[in-house]
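Below you'll find the structures, each written out as structure tokens.
One chain, subunit A, links the two complexes that follow: it is found with subunit B in the first and with subunit C in the second.
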Partner chain A sequence: MPDYAVVTFYSTHHALKAERILKKEIMISVVPVPRSISTNCGISIKFLTKDSGKAEEILKENHVDFEGIFPWPEG
Partner chain B sequence: MKKNGLIYFDNAATSYPKPSATLEACKYFTNKVGANPGRSGHRLSVEAGRIAYDARASVAELFNIEDPLQIIFTYNATYAINMALLGLLNPGDHVITSSIEHNSIARPLRYLEGQGVELTRVSVDSKTCQVDPGDFKRAIKPNTKLIAILHGSNVTGAILPITEIGKIARGNDVLFLVDSAQTAGAYPIDVESMNIDLLAFTGHKSLFGMQGTGGLYVREGVNVRPLIRGGTGSKSEEDIQPNFMPDRLESGTPNTPGLAALAEGVKFVLTEGILKIRSHEEGLIKQLVDGLSAIDGVNLVGDMTLDCRLPVVSFNVKGLLPSEVGQILDEKYDIMVRVGIHCAPWAHQTMDTYPKGTIRTSLSYLNESDEVERFLNAVNEISKKRRT
Partner chain C sequence: MEKIDARGLACPQPVILTKKAIEAGAEQIEVLVSGDIARDNVKRMAEKLGCPTSYEKKEDCWQLNIKSAGNICKKVVEKGKSTAIFINSNKIGKGSDELGEVLMKAFFNTLSQSEPWFDKVIFMNGGVELVVEGSPVLDALRCLLDKGVQILACGTCLDYFGLKEKIAVGIISNMYDIVDVFTETDKVVTV
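Showing the complex of A and B:
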């Protein structure tokens, strides 16, 4: 199985803004936040771990607030 | 989007008809999505959130707002203006406005005056319906916090020189709030080039959305105290209101079907283009103004110079009360206009039409020249009958 990472947000509004920007550059999916990672807003964006650096760069460039990027928890 | 032979000339109150895509969007949301945006992680909630975000992004594009998340949605422009005024002004602050404001600015400012906020009203010339931007500059004092004015008058149709006034505000470190209820979607608005710090808009007039939608743009760094606090779907474990936008100022479930329609209404405006909309409306204004001016016994209110007015024209018919003319137009001619004071006593006092008011015709991009012709014939008959 490939390694996944997930970026979490303080607000769904930020997550949806991030979705519109990130989906132009990398493969993503919008998923419920794994409870073990964050209790903030309900949705997060999941992508391949190898794209983590790029995702972080794009979010910072576009001034999208996010909480953090975490490894996707194993089942 | 047809009106069964009726002529609806009350678009300054709310636009009708609407482009069919707005109704389709409402239906799609209600039938296929339904969920509460930003509250849950399931796909329907995410889809509802996307629809609301799409509305924000469309509005941002129309007004040249860099970050859509600096826009918050409200029920209407009045709510947005109240949020801005009550959330910015404190006792001891000074605020400058004009003497043709709608009650959406006049009433909260009168209330705040009673709470110790100092208020200056810049006068509007009763002939030209215009303000002198220099008067705003001269009214600024050390404690001036805000200039709050409308962009277009709902009574006279005059468009105020907000670019010049915005320059004065910015140059003097004064915040600038613009009420775009009559202009958003009908006249170009650019928050950057116009130095607008806060822009209140309504969704249901020239943006062609449904009633119950509107919003407020707040420039990043401008600190507006929330009017209401509550659930935002974010920081749910905390009992303190989040301080980031839009959550800070947007609590409770929004009108998502309305936002779905608003997104389509704004896209309609973007696709048609403000210049095409304006040019069509200018043609209608010219026809309306020329036609009314030629009728004996009709008195037009205000300056009729085309390049600084909206398709909103107030007039009176000699010997008849506005309410009588309105009733005849409705019952005999199937034409809907608004008569009376138009929620703007200041404007009528300025234009010397207080307390009788005026007959107001207000057109939209979706009106056509043959409707104006039918209207002019009706007014001509009413006025002639009065004279004979």
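Showing the complex of A and C:
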């Protein structure tokens, strides 16, 4: 099983914008925020851990606010 | 030997004619149909009724051979709990289309992560866009398929959108099959 990470947002609008931008560059899937990660917005974006750096870079370049990037919880 | 010539008939006509013949108690039925989809739909219906079915390619059509020794053709009703999910759009709900599309992705990605509590997912109208090439939820649907979930896409709808050739997951179904699912299933969840 590859390792995954997930980025969470303060607002659904930011999540939607991030999805639009990130899907052009890396493999992502839209998922509800895992219950074990507390956040303000229900939608998060999951990608391979190895793409974390790239994802963070892209989001910053495009001025998309995000809450944090977390390891995808096991199970 | 009962012969049914259903060549060129529109869906679900071949299925209806064959079903009538089986229910009327014909022992051997030979059915001619034009296309692959009609062939598969007729075969599926006959086998669901417990009738062994084979087919062979003829010059300009398919010939199905159905054995239906009267009494073996009791309808197989699946016992126990069964649930179907009915998807009639490529997005969830009304309000924002953009949000609706993302919600649909999140929905299927979540479904594919859990043990399926449903047997079938049915796609109609704009929902069929989710089962064709380029669909954002294809991986999730393939994952469900691997777990034994049946995926049915409305053939009329695929045809309407010009997507019949592009189906990437599941089987092309018809109103007849879909109404059967609703009739036999304990619970239908419409998304």
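FYI, the second predicted complex is superposed on the first by the 74 of 75 C-alpha atoms of A that agree within 3 Å, B and C clash if a C-alpha of one lies under 4 Å from a C-alpha of the other, contacts with A are read in each partner's own complex, and residues count from 1 in each chain.
One rule holds in what follows: a residue touches a chain if its C-beta (ideal position, glycine included) is under 8 Å from a C-beta of that chain, and two chains touch if they have at least 3 such contacts.
Source: prediction; values computed, not measured.
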item	value
Partner chain in contact with A:T12 - subunit B first, subunit C second, else both or neither	both
First, second, both or neither for A:H63, with subunit B first and subunit C second	first
Residue contacts with subunit A in the superposition, subunit B compared against subunit C	B
Touched partner set for A:S29, first subunit B, second subunit C, both or neither	second
Interface residues of subunit A shared between complexes with subunit B and subunit C	12, 15-16, 19, 30-32, 43
Subunit B to subunit A touching residues, read off their complex	37-42, 45-46, 49-50, 53, 56-57, 67-69, 232-237, 242, 244, 246-247
Contacting residues of subunit A [partner subunit B, same complex]	10-17, 19-20, 30-33, 39-43, 63, 65
Touch list for subunit C against partner subunit A, complex	98-99, 102-103, 105-106, 109-110, 113, 139-140
Touching residues (chain side subunit A, partner subunit C) in the complex	12, 15-16, 19, 29-32, 43, 46
